[in-house]
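Both complexes below contain subunit A, partnered by subunit B and then by subunit C.
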Partner chain A sequence: MSLVRKYASYAKASWAGMLEYRAQILLWMLGSAILVVMLMVWTGVSEDNGGQVGGFSTVDFTLYYMIGLIVRNLTAVWASWELDFAIREGTLSPQLLRPINPIHNHIAANWVEKSLRLAIVVPLAVLVIALTPGAATALASSATVGRIALAALAVFGAWVIVFFADYLIGMTAFWTSQTSAFIQGWYGLRVVLSGTAAPVQLFPAALQGALHWLPFRYMLSFPLEILLGKVDSPQVIEGLLIQAAWGLFFMALCAIVWRIAIRSYSAVGA
Partner chain B sequence: MPADVSVIDLAKHYRVHEKDAGLKGSLRAFFARRYRTVKAVDGVSFSLAPGERVGFLGPNGAGKTTTLKVLSGLLHPTSGEIQVLGHTPHRRESAFLRRFTLVMGQKQQLLWDLPAVETFLINKAVYEIPAEAYAQTLKELDDLLELGPLLRKQVRKLSLGERMKCELAAALLHRPQVLLLDEPTIGLDVTMQVRIRDFIAEYNARHGATVILTSHYMADVTALCERVIVIDKGHLLYDGDFRSLAERLAPYKVVKLRLPHPALGERLADFGELVSNDGLNAVLRVPRARAGETAARLLGQIEVDDVTFEDPPVEDVIRDVFAGGLEARA
Partner chain C sequence: MLKYLRLFALFVKSSILMELEYRANFIAQGTLGTLYAGISVVTVLLVFSQTDRLGGWSLDQGLVVVGIFIAFDGLTESFIQPNIRKLIDGIRTGTFDFTLLKPVDSQFMTMFRYMRLNGLMDFAAGVVVIVIALSRLGLPVSALQVLTFLVTLVMAALIIYALQLMLATSAFWFVKVDNFTEAFRALYDTARYPVSAFRGLTRLTLTVIVPIAFMTTVPAQALLGMLDGALLAGSLAFGLGLTALSVALWRRALRSYSSASS
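On to the complex of A and B.
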C-alpha cells in the first residue's frame, strides 16, 4: 500500500514536471515519427508491387505502423539518459539517501509520460486508419477481444524488456563516460531488429529464426503480430513465454548490476 | 548512553588515474594508465553522544566531506569500524536511511522546476511520514524558518538563501536523529547565515538531535559547537573543547611586552619571532615548549614594565591550520 502511495507521489511530481517540459517531450516524440516515415516507404513499395509485399497489403502496413506508433509510445523509455546524467553530475547522491530505490521514481515518471504521449498519437493513428480504405474493417475483424487482451499483455512485456534493458545501459555510466554511445548503439539495433524499419515477417527466414530467440522482436513487433492475427495461438503462447523470460532476465540483471554498481560508486566517490 | 556516531580508525583511500596534459599525455593514459592512491581520510577516530553539536574543521581537501559521506553510507570505507545509530552506514538499510539526513550546501534534493512543497510531498510518501506528523513538522519548520510563500514558488526562482531554507526543511521532515551538515551556509549572506545557524541550534535543542557541521565560516562553528574536530590531510589534528583548541594545537604562545623605553626591538628578536613592535609595545611568538625558559631568560635580560603569555586567538590558529601551516599534532 505504501509503495502505491510512493508511486503516486512520484507520479504527481513527474506530471507537474512534465507540464514544465511539454515542448521537450513533444520533440522527443518526433523520434517515433520514424514509424510514420516507414509507413510511407512501405505503402509506396506495396503500391508499386500491385498492393502486396511479402503477404503485407497496404492496409496491413497501415495498421501495423499506426498501432506500432501507439505501442512504441507506450514503451518509450528515457531512463538511461537520466541515469547517465544523474551519475555524472552527482545528483544521484541525494537520491541514494532516500529509503527507496531510485528506479521506482524512473518507473513512475515513465508511466505518467505515457498519458501525454497517448493523447497525441492515438487520435493520429485513429485518423490515419479511418482515412485508409478498408483499414478499419480489417482491424475490426482481426482485433478480437481475446487478441486485444493478449496484445495488451505483450505490450506490457515489451515495456518490461525495453525499460530494464535501457536502465541496464544507463547503469554503464557508473563505469564509463561513453554511455550515450551505448544508448545510440542499442537504439540502432532496435530500429532494425524490432520491426521498426520493416515488419519482422519480411526478413529472410534465417534472420527471422534468430529473432525468434532474441529480445528485439518482443520489444515492438510481437504485440502487433498478435493484434493483427499474424501469429496463431501456440505461437502466441510460445512468444509470451520467450518475452517473459527476456523480461525477467533483464530485471534480474538490473538488480544484480545495481548492487555491484552502488558498491563501486561508493568505493570511488559519490 | 551509547554513542550516536562512532568512528574507529576510519580510512578512505581512492585510486585516481593521472594523465599528463596534451595529446601525448592522453595517448599514454589510454594505453598505460598510471594510478596514484589518495588517502582522503587516514586513521580518524571519534564518537558523538546523542544530542551533541560538533564542528568539523579543516582546509579544503582535508577529508571532511569524505568523512560525512562515509557516515551517510554514500561511501564505502577502505577500512575502519563505523556505526551511526547502531547501523553500518554503507549497508544502506532502510531503517538507517530513515533516521539521519545529509545536507550538502552545494548539492540539492529539491526538484528544480517545481515548488519545494512537491519535494516535501515526495519525502512524506518515501519516508512514510503519517499525515498528522507531517503537518506538525511542517508547521514547526515553517515557524522556525519562515518558509511561508517560498514553498509555492518554483525552486529555480528562489534565492540561494531561500533555497537553503527549503533544502533544510526537506531534509528534516522525517525528523532525523542525526544531522550531517556539509557547508549549510556556503554562499549565504551574513543575516541568512545567522538565521540558519539559529535554526540548527533550535532544532537540536527541541529534538535532541546529534549535529555534525562543517563550515568555512568560523562564526558558524563558534556559535553552534562547543566541541570541534579538526582534520587535515586525512588525519585528526584535534578533538575537544573549542576554547582549549589553541592551547592544544598552536605550537607557540604569544608574549606581549610593555617596555619602559624603545630601542629594545632588535634584542627581542633573540627570544622569538617578533610580530610587532612600536617601540613601547611589542608582541613576540615563542615556541610553546620553551615558553617557560624563554620567560625566565627574557625577564633576566630585558627590563620590562609588563609582560603577558597568552594562547593565540582561535581564529588565528584555525587560519594557520587552513593555510597548512600547522604540522603539530595534539
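On to the complex of A and C.
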C-alpha cells in the first residue's frame, strides 16, 4: 500500500518534470527515426523485388516498423544516463538517505513519460498504416484478440529486459567512468540484433538460431512477431518463457549488483 | 594566415596532451567507434542479403557509401562534436565571453579549438571499408575520378560542418539546444545508404532540402565514375553556399549576443 502511495507521488513529480522538459524528450525521441529510415529502405527493396522479400511484403514492413515504433517508445529507457550522472556527481547520496530504493523513482518517471511518447507516436503510426493500401485490413486480420493480449504481455516483458539491463549498465558507473561508452555500445548492439535494422526472420539462418537464445530479439521484435502472426502457438509460449527468463535474470543481477555497490560507494564531494 | 596555422598546430598539440591524460576514455571511445563501424557494415549487409541491388547499387558499390559514412562519422566525432559541445556550454554558462576576448577570429577559435583522437579509429575503419570495396570491384580508378572524389569529399565535409555549426549557432537564440545535434544525427543515419534507396519525396528532400545525398552518395559516385556534371555542380553549390551561409549566420548571431553572465 505504502509503495503504491510512493509511486503516486513520484509519478506526480515526474509528470511536472516531464512537462517542463518536453522539448528534451521530443528530441530524445528522434532516435526512433531509425525505424522510419529502415521502413523506407526495406519498402524500396521489396518494391524492387516484385513486392516481397523473404516472406515480407511492403504491407508487412509497414506494419512491422510502425507498430515497432510504438513498441520501441513503450520500452524506451534512459535511466542509465541519469544513474551515471547521479553516481559521478554525487547527487545519488541524498537519494540514498530516503527510505526507498531510487530505482522506484526511475520506474515511475519512465512510465509517466510513456504518455507523452504515445501521444506523438500513435497518431503517426495510425496515419501511415491508414495511408498504406491494404495495411489496415492486413492488420485487422492478423491482430486477433488473443494475439493482442499475448503481444501486450510480450511488450511488458520487453520493457522489463530493456529497463533492468539498462539500469545494470548505469550501475557500472560505481566502478568506471566509461559508462556512457557501455550504454552506447549496448544500444548499438540492440539496433542490429533486436530487429530494428531488419526483422529477425530476414537474418541468415545461423544467426537466427543465436538470436532465439539471446535477449535482444525479446526487447523489440518478439511482440511484433506475435501480433503479425509470424510465430505459431508453441513458438509463442517458448518465446515468452525465454523472455521471462532473461527479464528475471537482469532483475536479479540488478538487485545483487546494487547491494554490492552500495556497500562500497563513497560519494564524490560528500 | 601563418599565425592561424601556428595556432592550429598548438590546438592539435594541446588536444593530444589532453587525450593522453584520459587514456581509458580514449580506449573506450575508440572501441565504441569501431563497434559502430561494424554495426553500419552489418546493417547494410543485412539489406543486401535479401537483394542484389539497392536503389540500383550493388553490394560493393554500396559499401563505398558505407565507408564514406563511417569515415565522416569519425571526423565529426573528432573535430566537430567537441567544439560544438563547448560552444553550447559556453553560451549557456557565459564562458563564451573568453573566446570573444581573444585577439583571433572567433569562428576559427570556436571551430578548431578542441580535437578528440578517438574518432580517428572510425576514420581508419571507414577507409578500410572503402579500400576493400574498391578491390572487390576491381575497377581501374582514373585520375579524374580521384580528383572529383576529392573535390566532392571536401564539399561534403563543408556541408556537414556548416549544417552542424548552423544548428549550434541557434544556441545564441534558443539557449537549450544540447540535443539539436541529435536531430542532425537522426538525419545523418540516412547517409548510410545510397540516396536512390529512397523513393519520391524522401529522395528529393534528402537531395535538395537537406543535402544528405551530397555527403556520401555523391563522393561515392565520383570515385566509381558514376558522377555527372549536374551532381558535381550541386556539390560545389551546396558546399560553398552553406559555408557562406554559416559564416553569415555566425556574424549575425554574434551581434545579438549578450553574455549569460552579468
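Simple rule for what comes next: the second predicted complex is superposed on the first by the 265 of 270 C-alpha atoms of A that agree within 3 Å, B and C clash if a C-alpha of one lies under 4 Å from a C-alpha of the other, contacts with A are read in each partner's own complex, and residues count from 1 in each chain.
We adopt the following convention: a residue touches a chain if its C-beta (ideal position, glycine included) is under 8 Å from a C-beta of that chain, and two chains touch if they have at least 3 such contacts.
These figures come from a predicted structure and were not determined experimentally.
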Figure out whether A:G55 sits in contact with subunit B (first) or subunit C (second), or with both, or with neither.
neither
So in the superposed three-chain picture, is A:G229 touching just subunit B, just subunit C, both, or none of them (first/second/both/neither)?
neither
Partner chain in contact with A:A33 - subunit B first, subunit C second, else both or neither
second
After lining up the shared chain so the two structures overlap, which partner does A:P133 touch, if you call subunit B first and subunit C second: first, second, both or neither?
neither
Looking at the overlay, does A:P99 come into contact with subunit B only (first), subunit C only (second), both, or neither?
first
Could you look at A:K6 and tell me whether it touches subunit B, subunit C, both or neither (first, second, both, neither)?
first
Contacting residues of subunit C [partner subunit A, same complex]:
24-25, 28-29, 31-32, 35-36, 39, 42-43, 46-47, 49-51, 53-55, 176, 179-180, 182-183, 185-187, 189-190, 193, 197-199, 202
Across the complex, what residues on subunit B touch subunit A?
14-15, 66, 69, 72-76, 90, 92, 94, 97-98, 101-102, 104, 107-109, 111, 113-114, 118-119, 121-128
Subunit C partner contacts - residues on subunit A that touch it in the complex:
23-24, 27-28, 30-31, 33-34, 37, 40-45, 47-49, 53-54, 176-178, 181, 184-185, 188-189, 191-192, 197-198, 202-204
Which positions of subunit A touch subunit B when the two form their complex?
2, 5-6, 8-10, 12-13, 16-17, 20-21, 90-91, 93-100, 262-263, 266-270
